[in-house]
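One chain, subunit A, links the two complexes that follow: it is found with subunit B in the first and with subunit C in the second.
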Partner chain A sequence: MVVTIFIALTLNFLLPRLIPGNIALTILFDKYGSHLKPQDLKLIESQLDLHGSLLQQYQIYLVQVAHLNFGYSFYNYPESVSSIIAQSLPWTIFLLGSATVISVLIGVFYGSYIGWKSGTRQESFLSTFAITLSSLPYFWLALLLQLFLAVVITVDGVHLFPVALAYSTSVTPGANLPFILSVLHHLALPLMTLVITTYPGYALLMRNTIVNVLGEDYMLMAMAKGLRVERIRKRYVTRNAILPVSTSVALSIGYIVGGAFIVEEIFSYPGIGYQLYQAVTNFDFPLIQGIFLIITLSVIFANFAVDLIYAFLDPRVTLK
Partner chain B sequence: MSANGQRRFFSSATRRSAEAALGRAWDSFHELIKDWRAKAGLTMLLIIIGIGIIGPFVAPYSPFNTSFTAWQPPSSAHPFGTDYIGEDVLSWFLVGTATSLYVGFIIAVSAAALGTLVGVVAGYFGSIVDDALMRFVDVLLIIPGFPLLVILSAYFPPTVTSTIIILSILSWPFLSRVIRSQTLTLKQRPYIMASKLSGLGSMRIIWRDIIPNLLPLIFINVIFLVVGAVVAQAGLAFFGLGDLKSVNWGTMLYWFEAQDGIVYDAWWWLLPPGFGILVLAVGANFLSNAVSAMTNKTRR
Partner chain C sequence: MARELLMELQDMQINYRTRAGRINAVRSVSMDIRKGEIIGLVGESGCGKSTLAMTFLKLIMPPGEIVGGKLLYYGYDNGEGPVSVMELQGGKLRRYRWKEVSMIFQGSMNSLNPVMRVEDQIIDVMIDHDFPEEEARTNVDKYLSMAGMDPSTKRSYPHQLSGGMKQRVAIAIALTCSPKLIIADEPTTALDVVVQKQIMDQLKGLRDRLGVSIVFITHDIAVIGSLADLIYVMYAGKIVESGPVSEVCNRPRHPYTAALMSASPTLKGEKKRLNGIPGSPPDLKQTIVGCSFAPRCPFAFERCHIEEPQLKMLEPGHKAACFKLEDVK
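For the complex of A and B:
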């Protein structure tokens, strides 16, 4: 893990410096040069810190990162990158977290159901359905849901779901009921998009492992002992089949992050993906880099956390 | 013996090995095609590839012909309607399919070449080489792909070439793991031992014994790489990255979103590119499902 973090940090440091002619600076001057004051320019120069040897720059960079100092956003100047990230990260964690939990739950139940029915016509139909759903491009699904559930279909002249944002502008943020309801109402479509495109993957994996577990010798033994089906299902099959699913959750976190980013962009959901989109359209390089670093570190930590949980789920695995 | 004959003599052994491998691949293809999912998947892929090949020639208008009324729903003159500046959506779709597939294919082939090279070298040579390469691959696999894609594209000039280079660099790691594990099992086969004992160099063994046997695996992975690349291209376009003037499925969706197609209820503009990606992805997934079902069967 330490090696991975180190490589991510170095990559983040080297990328802007490897590009010939520093496109960042060129674009920046083209875009903001006319209305920048000389002291601003000096600040940006010191921020990009292109003075001194590469090694010295690297040293300064590492110290700043350790202090969670990613500099100032160009576009939202004088707001700092870390404060923008701090505001938007909770929304992304909220969206991604709830989407992951719900997809895993649906996936495990759906998968166990079709796993037990393996070989029947119903199983074949449900598996085909899951394969089709898992092939849906999430950005397209997001646009379809937005078009039909938030624009085209109305009940008594009222749209079913909001088109964008995380909560309605008419409520005051805080621990009050209208705000919470508004947040959930706005969460619905982005959440639906992510759940519909991720749960089939878990379901298909669960089905495959259940079919494998059913073929194991200890299953024959359990049957021969005359254990009740209910007990076999819970203690023998599901417990074993859930292990590969938890590994796949860890592996897919990085992938779901990408999906969540595009979904946030489509629904203008104020998470970190939406901020990244804003940063990219405004050539706000410090913000782009700060977000990349935070997301990479979060995914690495999430993987590490899943490893720990795995040891808890599977007693055969011991932590070194 | 002429120079040509000499070359033929020396390469005949290579060709025999390659032919045997291809023969085996052909047999398993026949086995595979008995599965209805493989049949359906292949059909879907062929339909999309067919549209991609003939599309640009049968497109009724130039995709950049803006002389029509904007925001027209489907009609006989414009079966897929028109977009925000009156371009024909059907023409965009037909030309866009070709571009999406073409770019996807270039990315897939270069990523497959890179992935195969790393996988075979790691698997064949083992020890330190293997450790170092696979460590590197693990890091690439763990770094979330999309943010990395975005940050790279933000620094590269927005051209199709940049997109191809960036996506090729990012797409190979997973394949290299698959190739490596397959190489590990191939390495133990008796005929590799025989080649080694007869004093052949590593390069020749890799080239004439290992690569031909990996071809079916590489081929099936190229299909998934194409799908992945098409989806990634579209994702990039959504962030306003890459060449937005290029006509492809991704830019169709981008302009739909950027020009508020939602507000105009322009479903005719949204459906074609999405269906294109969907059919391609479902086809690839059906095929992969059939392949894994078959490999499981032979293993038992």
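For the complex of A and C:
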């Protein structure tokens, strides 16, 4: 894992620097045009750690990363990358975390249900439904929900859901009820989009594993043993079928941090994905770099978590 | 020595409906199983042995389908006469399974739940058959040692055990609820000869000590010579010869039994040339006209290809289905 992290760090350092031209210059010219004087440029370059040889820069970069210091955002200068990440990461974890929990729960139950019914008409209908949902592009669903539930449909002249943002500008952030209600109200549409498009994936995975497990020899044995149905379900079917699903969930932790950035962008939800989108459109390299690093690290940790979970759930797997 | 009847199988017929057509896996099998008896069921692979084994526990599931026959169980001593296993449902079926008849599955190394410890797979079946948990726990060691396992292996997961050990665990599980009949479907295939011998001895010992009946299924007739009391020889979904081991093995009457004997190495180690049986079994999707073995039979004559021979009693308890035997009489 250490090696993986090191390689990730190095790539993250090198990639933006492979872009030809002086990035700082390009961006600053964009912003301030010809008002800049050469001495300003020197000052800014030194602040952005862009001076010195590549190796020196690399050394500085590693030290900075170790201090969770990713430099300053070009675009939101003088705000630091880490403070932007610190502000947006909780929103993403909140949105994607709750979406994942809900999707997994719905998916596992839905999938178990159709898995048990495999071969029936009901199953083929429900499976087709899940496949259709899972193939909906989520930006399309997001726009559709936004259009209908937040713009077109009104009840007594009031829109059902807000179009954008994480909470209303009329509430003060903090542990007060109006704020919490506003947060939940704003969460609804992006959450719905994510749940509707991701739970079918879990459901289909669960269904497939259940069907596989039902065909295993130990299931025939469990039937022959005259075990109670609840025991067969819990200890024989679900217990074995949960293994692949848990891997898929753990791997999605990486995706959680990465954010479903198009959904966040559409709903202007101030999470990591939204920031990444902004950073990309504004050529804000330090911010892109910082966000990529966070995403990469969370994917690496997610993989590590998969190993841990697997070792815990599956006695055939041992940690080395 | 007339033992008490435990199970009666009458004219059992089982099909598999597949896309390629209907497979007549079991075309007609009748069998009486008595208490404390070991029955050897032998036949080439694909002749329907496992399918037949499943019926004893009412485990035939789609695409399999029972199209005829009866299975009567006499083991409940409640004075109400035999029960028809095919009509058992719900809780009654659940309690019949394993408590009355248990099974060691073919390839039983794969029939253990990979995520449960050995002991838990022994205990769960006992608890679900209404044994107190305490009793179930204390009996784990007993059943493991009965199957020739070191009780210390009870904490293991299946993947930590060798094939032979898993097979023994499967045997131990089959013993848990003290069933009256154990169906052992090729329990020793894929094991080396030494382990094979040990397991057979174990099974025989169980019968002697517990009085349990055993149906021992194998494709190797030599294996059951020393174990079984009675032998049923199955070919293409039918019994072609049955009788006491001494009779059938020493004086096989059906040409197929004779061919099986000469195709099998003896455990006693006499050297002889092994002749595989030439030809291959008939396609069970087709309706078979005449004797199913006729195309491979060195003695077949005209009648064998037209008419189907029925099982005929040759001596008390010894039956075979072959026209050649009738002509001799």
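Here is the rule we go by: the second predicted complex is superposed on the first by the 284 of 320 C-alpha atoms of A that agree within 3 Å, B and C clash if a C-alpha of one lies under 4 Å from a C-alpha of the other, contacts with A are read in each partner's own complex, and residues count from 1 in each chain.
What we mean here is this: a residue touches a chain if its C-beta (ideal position, glycine included) is under 8 Å from a C-beta of that chain, and two chains touch if they have at least 3 such contacts.
Keep in mind the model is a prediction, meaning the values are calculated, not measured.
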Three-chain arrangement built on subunit A, subunit B and subunit C clash or fit: fit
Partner chain(s) touched by A:Val151 [first = subunit B, second = subunit C, both, neither]: first
Subunit B versus subunit C as contact partner of A:Pro315, first or second or both or neither: second
First, second, both or neither for A:Ile291, with subunit B first and subunit C second: first
First (subunit B), second (subunit C), both or neither touched by A:Asn240: second
Which superposed partner A:Val101 touches (first subunit B, second subunit C, both, neither): neither
First, second, both or neither for A:Ala86, with subunit B first and subunit C second: neither
Subunit B versus subunit C as contact partner of A:Gly254, first or second or both or neither: first
Of subunit B and subunit C, the chain that contacts the larger number of subunit A residues: B
Arrangement angle, subunit B at one end, subunit C at the other, subunit A at the vertex (C-alpha, nearest 10°): 70
Minimum distance between Cα atoms of subunit B and subunit C in the superposition (Å): 11
Parts of subunit A lying in touch with subunit C, wherever the complex brings them together: 216-218, 220-228, 231, 235-236, 239-240, 313-316
Interface residues, subunit B side, partner subunit A - complex: 37, 135, 138-139, 141-152, 154-157, 231, 234-235, 238-241, 253, 256-257, 262-263, 265, 267, 270, 273-274, 277-278, 281-282, 284-286, 289
Contact footprint of subunit B on subunit A as seen in their complex: 3-4, 7-8, 11-12, 15-16, 19, 23-24, 128, 131-132, 134-137, 139-140, 143-144, 146-147, 151-152, 163, 251, 253-255, 257-259, 261-262, 265-266, 276-277, 280-281, 283, 285, 288-289, 291-292, 295-296, 299-300, 303
Touching residues on subunit C, where the partner in the complex is subunit A: 57, 59, 93-99, 102-103, 105, 107-108, 110-117, 124-125, 128-129, 157, 159, 173
